[in-house]
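Each of the next two complexes has subunit A plus one other chain: subunit B in the first, subunit C in the second.
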Partner chain A sequence: MAHGTAAVAKIDSPRSPYVRRRTTRGNYELYSWVFMRASGVVLLVLIFGHLFVNLMVGDGVHAIDFGFVAGKWANPMWQVWDLLMLWLAMIHGTNGVRTIINDYATRDMTRGILKGLLYLAFTVVVVLGTLVIFTFDPCPANSPAELLPSFCTA
Partner chain B sequence: MPTAPAGTLYRGREGMWSWVAHRVTGVLIFFFLLVHVLDTALVRVSPEAYNAAISTYQTEIMGLGEAGLVAAIVFHAFNGIRILLVDFWAKGPRYQKTMLWVVIGLFVVTMAGFLPRHLINVFTGGH
Partner chain C sequence: MTATLEADAPAPAGEIPSFTVTLRVRRFNPEVSEEATWEDFTVEAHGTDRVLDALHKIKWDMDGSLTFRRSCAHGVCGSDAVRINGRNRLACKTLLKDVNPDKPITVEPIKGLPVVKDLVVDMEPFFASYREIMPFLVTTGNEPSKERYQSPEDRARFDDTTKCILCAACTSSCPVFWTDGQYFGPAAIVNAHRFIFDSRDEGGSQRLEILNDKEGVWRCRTTFNCTEACPRGIEVTKAIQEVKRAMITRAF
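Moving on to the complex of A and B:
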């Protein structure tokens, strides 16, 4: 009997034991899902603050001109505020539109072109916006003083 | 004349329509954002260029457009909080319909606070 048992043990199991299939795509979509929720909460505060200061305080939309923007960006807090808003909103929005393209553009070619355009727009807008915030000159030379914030002539 | 079989089209209720509205408002906000960064970038060109561009926003028509933009943002923001609660609050899925009505209520209250102030600025402001 001992001999027979040893012979049986040599036969391979007909099925491989259950092994949980390893995910092959990484956790990208999980991180994107988490990012949408985390950035959404921060954006709610940043954008409501932005709208309140620019549309509700003082003369609202009529008060917005070069001097208004220059006055805000003279304060580092508003520079950080706007920079954070630019990056978070652009990543949040690009990721949302990416999801929509994945849902509705069924042909590989169409999907590729649309996402290519989306990522191009993302890059241009984020790079341009970041450069503007960091290289902004509130008192450009040869500009009429009445268009500039009051601290330029002080 | 063959008639379409009844009841085959999925008509979700509050859940589906809030999802549709979240997508529509999200896309609208995104395209506005692209334009808004470009127009703000004109501050780097010259004060005159920026003021000329921004003054095209300061008309009655664009003022109404801004009201629509703010409405889209307010809905998207409050419904986003509802999505967070559905995902992370144990009782969220059970109360998702109730929470949509709360979102609509908060939307009405917020717009009631914003619209009079904004529309008075738009229709009686200077320029």
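Moving on to the complex of A and C:
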């Protein structure tokens, strides 16, 4: 392009005022930062406990069938364990992806769409998972007894 | 005057050997083209020459239109931070022999700030962040009639962060800053650290409040790019972590 006023006009003023977007000065980012560390430590215990009980104890991985899972979810301890694992993992993971979107999305539009999809996925998984844990029926009617946990008396 | 090695006349003892080196400079002139282009310059350089000396040689002897900032040329003023071979360095503190002169040495403007021309960037966003953290002593009450006393131990607490020369090498090496330039950046946090941990200063909680922003210290991903880039050897990431810790102790 030749020297000309048309090209010159496109240059921003070098001293154009720089504006930082006004944001709320809450403690949100602080708590989310602390939560990431705390939930990470708790998740380590929960996940490795889960893996140990499912894959190592007794017959190990070969013991896993409908009866095994149903038996675990009939126990309130495992209900709480799995619920905690589900919620912590989902919030931890969602928050992690949220920061990644914040870091990489350059335009507000992209950022908004990606975060919308993320929160939608979060809601679906958490609601569905929580429902399953609490409404799970370990002894569905008319099922062959050898597939069910031992405490079913149908 | 350039000393060169003659093939038939062996160099006198103590003479510094010279070599040719190619500088691949990122050129940008918005009055000519909106595209930035690479341009190669081959210069004769001594073993003791810095990248800045090579840039001078280009500007003075080859192409006077090459534009870059430099003031003191001795690593104190912080004017000539550029990206050399993909790393942020001060051109005046980087010896050519240390950045592999066998291959072309790339010299680019620092990233994340708008380029004005060639290697000159608009530093205003950087200084705006710096101003926001209030880089001055904040006190209450009457002025003391003598000095504000500080023990050597209290002084040592923030010694590292007093070394900042505001060259923007750290901030423009930060991938979070590259995205949208909204992040305060390591340099602003380092200079806040300098006052937050100063025993004479009373504006600490105000500064922590400012940096508790969505774009404040919590956007730091601890990639250590800033620590690696700092020409003054400030442990930038450590300073950021200390500010984070101060915020957490304040909140809980």
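One rule holds in what follows: the second predicted complex is superposed on the first by the 128 of 154 C-alpha atoms of A that agree within 3 Å, B and C clash if a C-alpha of one lies under 4 Å from a C-alpha of the other, contacts with A are read in each partner's own complex, and residues count from 1 in each chain.
One rule holds for everything that comes next: a residue touches a chain if its C-beta (ideal position, glycine included) is under 8 Å from a C-beta of that chain, and two chains touch if they have at least 3 such contacts.
What you see is a predicted model, and the numbers here were worked out from it, not measured in a lab.
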| item | value |
| --- | --- |
| Subunit B versus subunit C as contact partner of A:34, first or second or both or neither | second |
| Contacts of A:106 with subunit B and subunit C, given as first, second, both or neither | second |
| Partner chain(s) touched by A:44 [first = subunit B, second = subunit C, both, neither] | first |
| Touch count on subunit A, higher of subunit B and subunit C | B |
| Touching partner for A:129 - first (subunit B), second (subunit C), both, neither | first |
| Shared contact residues on subunit A - subunit B and subunit C | none |
| In the complex with subunit B, residue positions of subunit A that touch it | 37, 40-41, 43-44, 47-48, 51, 55-56, 59-62, 64-67, 69-70, 86, 89-90, 93-94, 96-97, 100, 121, 125, 128-129, 131-132, 135-136, 140, 143-144, 147-148 |
| Touch list for subunit A against partner subunit C, complex | 1, 3, 7-8, 10-12, 14-18, 20-21, 23-25, 27-30, 32-34, 99, 102-106 |
| In the complex, subunit B residues that touch subunit A | 23, 26-27, 29-30, 33-34, 37-38, 40-41, 43-44, 46-48, 50-51, 54, 57-58, 63, 66, 70, 73, 77, 80-81, 83-84, 87-88, 114, 117-118, 121-122, 125-127 |
| Interfacial residue positions of subunit C with respect to subunit A in the complex | 30-34, 114, 116, 122, 124-125, 128-129, 132, 175-176, 179-180, 182, 209-210, 212-216, 218-219, 221, 244, 247-248, 251 |
